[in-house]
Amino acid sequence: MTHSIAILGASGYTGAELIRLITGHSSMKIKALGGNSKAGQTIAQVFPHLRHLDLPVLQQIEEIDFSSIDLCFCALPHKTSQEVIAALPAGLKVVDLSADFRLRDPAAYEKWYGNPHAAPELQKQAVYGLTEFYRAEIAGARLVAGTGCNAATGQYILRPLIAAGVIDLDQIILDLKCAVSGAGRSLKENLLHAELSEGYHGYAIGGTHRHLGEFDQEFSAIAGRPVHIQFTPHLVPANRGILATAYVSGDAAAIHDALAAQYSAEPFIKLLPMGEAPSTRHIRGSNFCHIGVVADRISGRTIVVAALDNLTKGSSGQALQNANLMLGLDETDGLMMAPLFP
Amino acid sequence: MTHSIAILGASGYTGAELIRLITGHSSMKIKALGGNSKAGQTIAQVFPHLRHLDLPVLQQIEEIDFSSIDLCFCALPHKTSQEVIAALPAGLKVVDLSADFRLRDPAAYEKWYGNPHAAPELQKQAVYGLTEFYRAEIAGARLVAGTGCNAATGQYILRPLIAAGVIDLDQIILDLKCAVSGAGRSLKENLLHAELSEGYHGYAIGGTHRHLGEFDQEFSAIAGRPVHIQFTPHLVPANRGILATAYVSGDAAAIHDALAAQYSAEPFIKLLPMGEAPSTRHIRGSNFCHIGVVADRISGRTIVVAALDNLTKGSSGQALQNANLMLGLDETDGLMMAPLFP
Amino acid sequence: MTHSIAILGASGYTGAELIRLITGHSSMKIKALGGNSKAGQTIAQVFPHLRHLDLPVLQQIEEIDFSSIDLCFCALPHKTSQEVIAALPAGLKVVDLSADFRLRDPAAYEKWYGNPHAAPELQKQAVYGLTEFYRAEIAGARLVAGTGCNAATGQYILRPLIAAGVIDLDQIILDLKCAVSGAGRSLKENLLHAELSEGYHGYAIGGTHRHLGEFDQEFSAIAGRPVHIQFTPHLVPANRGILATAYVSGDAAAIHDALAAQYSAEPFIKLLPMGEAPSTRHIRGSNFCHIGVVADRISGRTIVVAALDNLTKGSSGQALQNANLMLGLDETDGLMMAPLFP
Amino acid sequence: MTHSIAILGASGYTGAELIRLITGHSSMKIKALGGNSKAGQTIAQVFPHLRHLDLPVLQQIEEIDFSSIDLCFCALPHKTSQEVIAALPAGLKVVDLSADFRLRDPAAYEKWYGNPHAAPELQKQAVYGLTEFYRAEIAGARLVAGTGCNAATGQYILRPLIAAGVIDLDQIILDLKCAVSGAGRSLKENLLHAELSEGYHGYAIGGTHRHLGEFDQEFSAIAGRPVHIQFTPHLVPANRGILATAYVSGDAAAIHDALAAQYSAEPFIKLLPMGEAPSTRHIRGSNFCHIGVVADRISGRTIVVAALDNLTKGSSGQALQNANLMLGLDETDGLMMAPLFP
C-alpha cells in the first residue's frame, strides 16, 4: 500500500531533509512539492543533491490537488504556515514543522511571536509533536505541531527529571551549542561561511529565545506549577547538530535512573552509561538522540548532556516519526539509517 | 533469505562506512567484526555513532569462524590485507578494499608499493572492482579488488573518452581536490584539525601518487598503447568528497555524448546537462557520482568535472555494490540513500 | 611624519583588512572612513573586531573632506568605484581595489564587465598594481589599480616563465582553489556556511572568469603575441587563501631558475627549494606568497604551485605595498607580520 | 637596545605563536630556539609559515648558551618544564607557559597533576601570570607562571565579581567552548579533522579539568573562603578561541559596573556595552579579550560571556605581556595587532 505525501515549503533545509528521509520509507510516495518562490523548478534545480530522484516539479501551493494526498508536511516559515494550513482541506492530515501551533495559549503565542494567531481554532486541535511524550494523541491527531529543535533537545533531558521530582525546579540552566542549519537557508551576514567558520558566539542570551515559550508551557504543565529555566543558545561552526548541556541540582544516580526508566524502550533515545557524554558527530544525519549523565564534583549537582541532529530528530525526522503514527505505520519506518561519520 | 557478512578491519573509516551501509541492506546481516588492535571491544566503544546497532563484539581475525560466512569485506591496511586474505578459506567470497589486488602486473605492484607481492596467485584471480566496467567479471569473481578512491573518480571521467577516441591521449591532466577521510584514521600531524582546517595544499605532486598505477594499467589497456596522465591530488579542509577536474583536448559535445552513451542506464553515475558542473556537497554520504562537461573558451579544449564521496562510491559503497553482484542480489540494495545536505 | 589616509568602502572585507594592516603601519593614520550604506555607524558596530581602535565614524563619501588626505584607498564595488574616483580631487593619490582600472583597453573592459567604462580618461592614467613588476610606475602614479586576487596569484607563477621563454605558451593550465572571503561579504546562498562547509566546486569554468582579462592583457604584452591560458577557479571551504596549481610544458630546473632570478630579492615572494610545494596555511593573514616547483614524471612537464592570502597579498596588502611606494615610504611598512598558524 | 630571547619548546603551537608575536616586537630578538625532538632542523622545516624569518636553527636545550640571554620563554610540556627550568642559570628571567608553577600549594599540585612537584623551591618564587591582577609582582619576578588558557578566561569574568561581592559564591557555573589548538599539536584521534570537524562535545565534565586547581586557588584567595565553581569545557570545530559563558546570581548592572571599574584602563580587556555579547571571531589572532554582560529574564540572574584567543591572550600573548613587564618595557609592545577577521 502506498501513502501519498505532499510537502509544502520544499525548498528549505527541512523540506530537503523530509525528501531525503521519505526516499528511504517503505510505503510513502511524494506526490506534490509546494514552494511558491521556486514554483516551476525541478528538484534538480532547487536541490541538485536530489537530482537522481523522480519527483514532481515544484508548484504553487494553491495549485496542488490535495484530494489524493494522505498526509501533508508543511515546512513553511512561521506565520505563513498558519494561513496556509487554515486553507487546506479540513480532513487532510497535517504535520507542521513551523512554530505556529506549538503554543496552546494564544496569549503565549502572541507574547513570543509578536502577532495575534490567525487560526486560533486550529491551534486548539493541534497536538504537540514531541513523539515520545504525546504518542497516543499524535496517533489520533489531524494536525501535529513539530517542536522547536532546541526545545526538543532540552525536553529530552528535563521532562523525565521534572516528572520524577529529582531536580530543583528553580535551578535549571540549559546551555546549547547549535549548528548553523538550524537557522535555515536565509541570507544573513552572520550565516556566511566567512563570518561563522572559525567563530562562535551566544545569541538570544538572557531568556529571549522563542523556544522558551515551549519550555515554559511543557515544564510548567508537568510540574503543576510555573517552571522557568535559563536557556542560552550558541552558534558554532558546524552544519548539523545540537549539543545541550544542562546544569541541574539533583543526585546523578537518581537522574540517570529517571532517564533510564523513561527511555529504555525508546527506539531513538539512547542513554549512555553513567559518566559518559555524547558528541554531535555520533548522531549526525540520524534520528537518534544520545544522552549522558555526569555527577559534578560538587555534591548534589549534575550535568546532563544531550546530542541530536537539528534537521532530523530536531525537525524533519520527528515529523516523519509523527506522520508514521498518524498513518498507523511502524513509527521507525524511514528513520533507522545510521549516523554519517565521519 | 539472509546473507552472512564478516568485516575485517572494522575499526577504520571504511569499516564504519560498510557497517552504516549494510544497516540499510535488505538481506545482509553482519555476523563477525574483525579488528586485531581493538579486539574485545564493543562497537559502541569503537564507533559510538553505531551504538544503537546489535552487532558482534570485535574479535581477532584468526578467531573468526568463517564457515557460516557468505562474504567477507576486508578493510585492512595495504600489505596486511594480502596476508590475511591468503589465509582465508579458499571458497570464501572476498571484497578487498585495500590496494593489494588492484594491479595485475606484479612488477607494477612492486614499483608502486615498494615490496614484492606476498600472494601473487591470488592476484591473478582478483577482478578489478570498478563496477560499471567489470560487472560481468565481478558477478563471477571470488575475490574483487576495490579501486583507489581517486582512481575511481578519474576513471569515471576518462575511460569512456579514451574508449571512444574523442580526446588526445597525450594531453590529459587530472587535478583532484580530496577530503581528509581518504587518508584514513591515522595519526599524522597534517591530518590534525588545527593544521588542516583553513589550510589546503597539493601532495604527491609530479606523478608519485600510487593511484597512478591504476590509471596506467587501465587506460593503457583501453587504448591499446601506453597512456600516462598527469595527476595532482590536493587535500582540502572537508571530511568527505573528491572533486576531480580533468583538462582534456577534445570536442565538448563529443565528450558529453561519449559519457552519456556510457552512463545513461547506470543507477549511480549521473551526467549533468552540458555546461553544468558538480559539487561535492551534492553527493556526500551517497553512492552517486555526478559528472559535468564544460567547453573551454579555447576551441578543442574541454573541462570535465566529477564528484563522488570517497568513503561511499570511492570505497565502501563500491564494495557493497560489488558484493551485491557477487551474491546475485540487486546491485543497488543498501545504496539508494540520498546524499546528506546540508 | 604622519600620512593621512581615507578608506572608501570601509565596511567590506578588503576595507577591514586595510584597517587591520594600517594599524601596524609606522606613519599612516586613518582620517576618514567612507561607507554609504553604513554611514553614521561606528567601527565597533560595523566591525566589532576593530572596536579597540580609535577610528572616525563611517560617513557618506560625499561628506568627506579630502583636502587633508594624502592617499585614499577605494574598496568599493566594481562600477561604483570608477564613478566615485572620477569625482575625487584631481591631485589626490588613489589606490583602487576594484576591477575598474585593471584593463587598459576599453573594449576589453567592456567585454569582460559588460558595460562601457565611465571614466576612460582616468583609465589611461591608471598603473596596474602588481608591485613586483610595476614598481617604478607605481611610485610615480596618481592612480593605481589593484589586481584581481586570482590574477595576482597566476601572474606570480607565470610572468617570469613567459618572460624567460621557458614554457610553451599554448599549453598553460591554471587550476585555482580559492577561499570564500574572495567573494566578499555579499549575501548569496552559495556563500552560506551550511552550503559551503563540507562542500567544494568549480565555478566560472571554461574561461568565463573576469580575471582572464588581466591574464590576457599582461601575458600577451610580455610575450609580444596573444597568449590565452586555461583557468578554472574552485571554491573551497576556507576563509582565506588562494592555491594556484599551474600545469606547464617546460623544464623544471629552467622554471625554478627563472623564478629564482625574478624573486630572490623580493621581500614577500618566497621560492621554495625544488620539489617542495606550498600550503595556504603557511601564508594566512600575511603578505607573503610561497611558490614551489615540481617536475612531473612526464619529461618536459612541470607543476608550479603558488599560495597567497587573497585579502592580504591578493588585495589589501598589495594595496598598502603600493601606497607605501606612492608616498615614498619603505615598501614593507605595515606588512611584515608573520602568518597566523594555526 | 636589544633584548635577547630564548624559546624552549619552539616546535609546538605556543612556541610558534611566541615567534609570531616577537617578530612584531620593537626590541626583542630571538637568539636561541630549543626543541629536543626537532634539534638540528631549521624553522622552515618545523614551521614553514615562518620561513621568511632569519632565526637560529633549533638546538638541544642543554647546548644553548644562556649567558647572553635576557629572558627565556619555556613552552615545554607539563612536568618536563619544571625539570628544565630547575637546571637553568639561577638569575635568568623565565616565563613558563606550562602548568608547572601555577599552583602555589604543592599538595594541590599533586592532587591535580598526579605527581609530586620536582622543584618545590622554584614553585615558591613563581608569580602567577594573570597580568592585570599581578602586574607589580610580575614586574619584579624572576619566574612567572603562565596561566591556563581556560583559567585566564574564567578569571577575567569572575575575579572582579568575587572581589566586589556582587555574586553568590555558591552558584557559579562556567560553560566553556574551546577551539582545538588549546589541545596542542599532539597526535590524538579526537583531534583529527575527520573526527572534530562537524562534531563537538563536552570533556572533563563534572569538575575534573585541571584548570579548576587555578580557579579554586585564586577565587578562594580573593573571597577569603573556599570557592568552588562548576566548570565544563567543550571542544568545538575551530582552531583558535575560547568562549566562556558564566551563569551567576547577581544584579546585571552591579556586575557590569564591577567589570567596568576593573577594566576601564586596561589596554586589552574590552567590556562591551550592557546587553551585548562577544564572539571569538572578533578576537582571533589578537591579545584582546571581549566581555559582555546580559541580564537574564529571571530576576537576579546574569550571564557574562568572555572571548579570547587561547594561543594569544590565553598563553603566548600573556607570556609576552609579562615578559615586557619583567624587562621594564612597554607592556603592550608586540601585542597591539588587530584581530584577523574574517
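Per-chain residue numbering starts at 1, and chain names A, B, C and D are given in the order in which the chains are listed.
The definition used in the following text is that a contact is a pair of C-beta atoms (placed from the backbone, for glycine too) under 8 Å apart; a residue touches a chain by one contact, two chains touch by 3 or more.
Computed from a predicted structure; not experimentally measured.
Novice: Write down the chain pair with more C-beta contact pairs when B-C is set against A-C.
Specialist: Between A-C and B-C, contacts are more numerous in B-C.
Novice: Expressed in ° and rounded to a multiple of 5, what is the rotation angle of the C-alpha superposition of chain C on chain D?
Specialist: To bring chain C onto chain D, one rotates by 180 degrees.
Novice: CA centre of chain A versus CA centre of chain B: separation in Å?
Specialist: Each chain's C-alpha centroid was found; their separation is 36 Å.
Novice: Calculate how many whole Å lie between the centre of chain B and the centre of chain C, each centre taken as the average of the chain's C-alpha atoms.
Specialist: For chain B versus chain C, the centre distance works out to 39 Å.
Novice: Starting from the mean Cα coordinates of chain A and chain C, work out the distance between those two points in Å.
Specialist: Roughly 45 Å separates the two chain centres.
Novice: Counting only residues that touch at least 2 other chains, which ones in chain C make the list?
Specialist: Residues 13, 181, 194-198, 237-240, 278-279, 281-282, 284, 341-342 of chain C each touch two or more of the other chains.
Novice: Using the touch definition up top, name the residues of chain B that touch chain D in the complex.
Specialist: Going by the criterion above, the answer is residues 13, 180-181, 185, 187-189, 191-198, 237-239.
Novice: Any idea which chain C residues touch chain D in the complex?
Specialist: Those in contact with chain D are residues 13, 16, 19-20, 23-24, 47-53, 181, 197-198, 239-240, 270, 278-279, 281-286, 288, 290, 336-342.
Novice: In the complex of these two chains, what residues of chain A are touching chain D?
Specialist: Per the stated touch rule, the residues are 171, 173, 175, 177, 194-203, 205-208, 212, 228, 230, 232, 234, 236-241, 243, 245, 247, 275, 277-282, 284, 294-298, 301, 303, 305, 307, 341-342.
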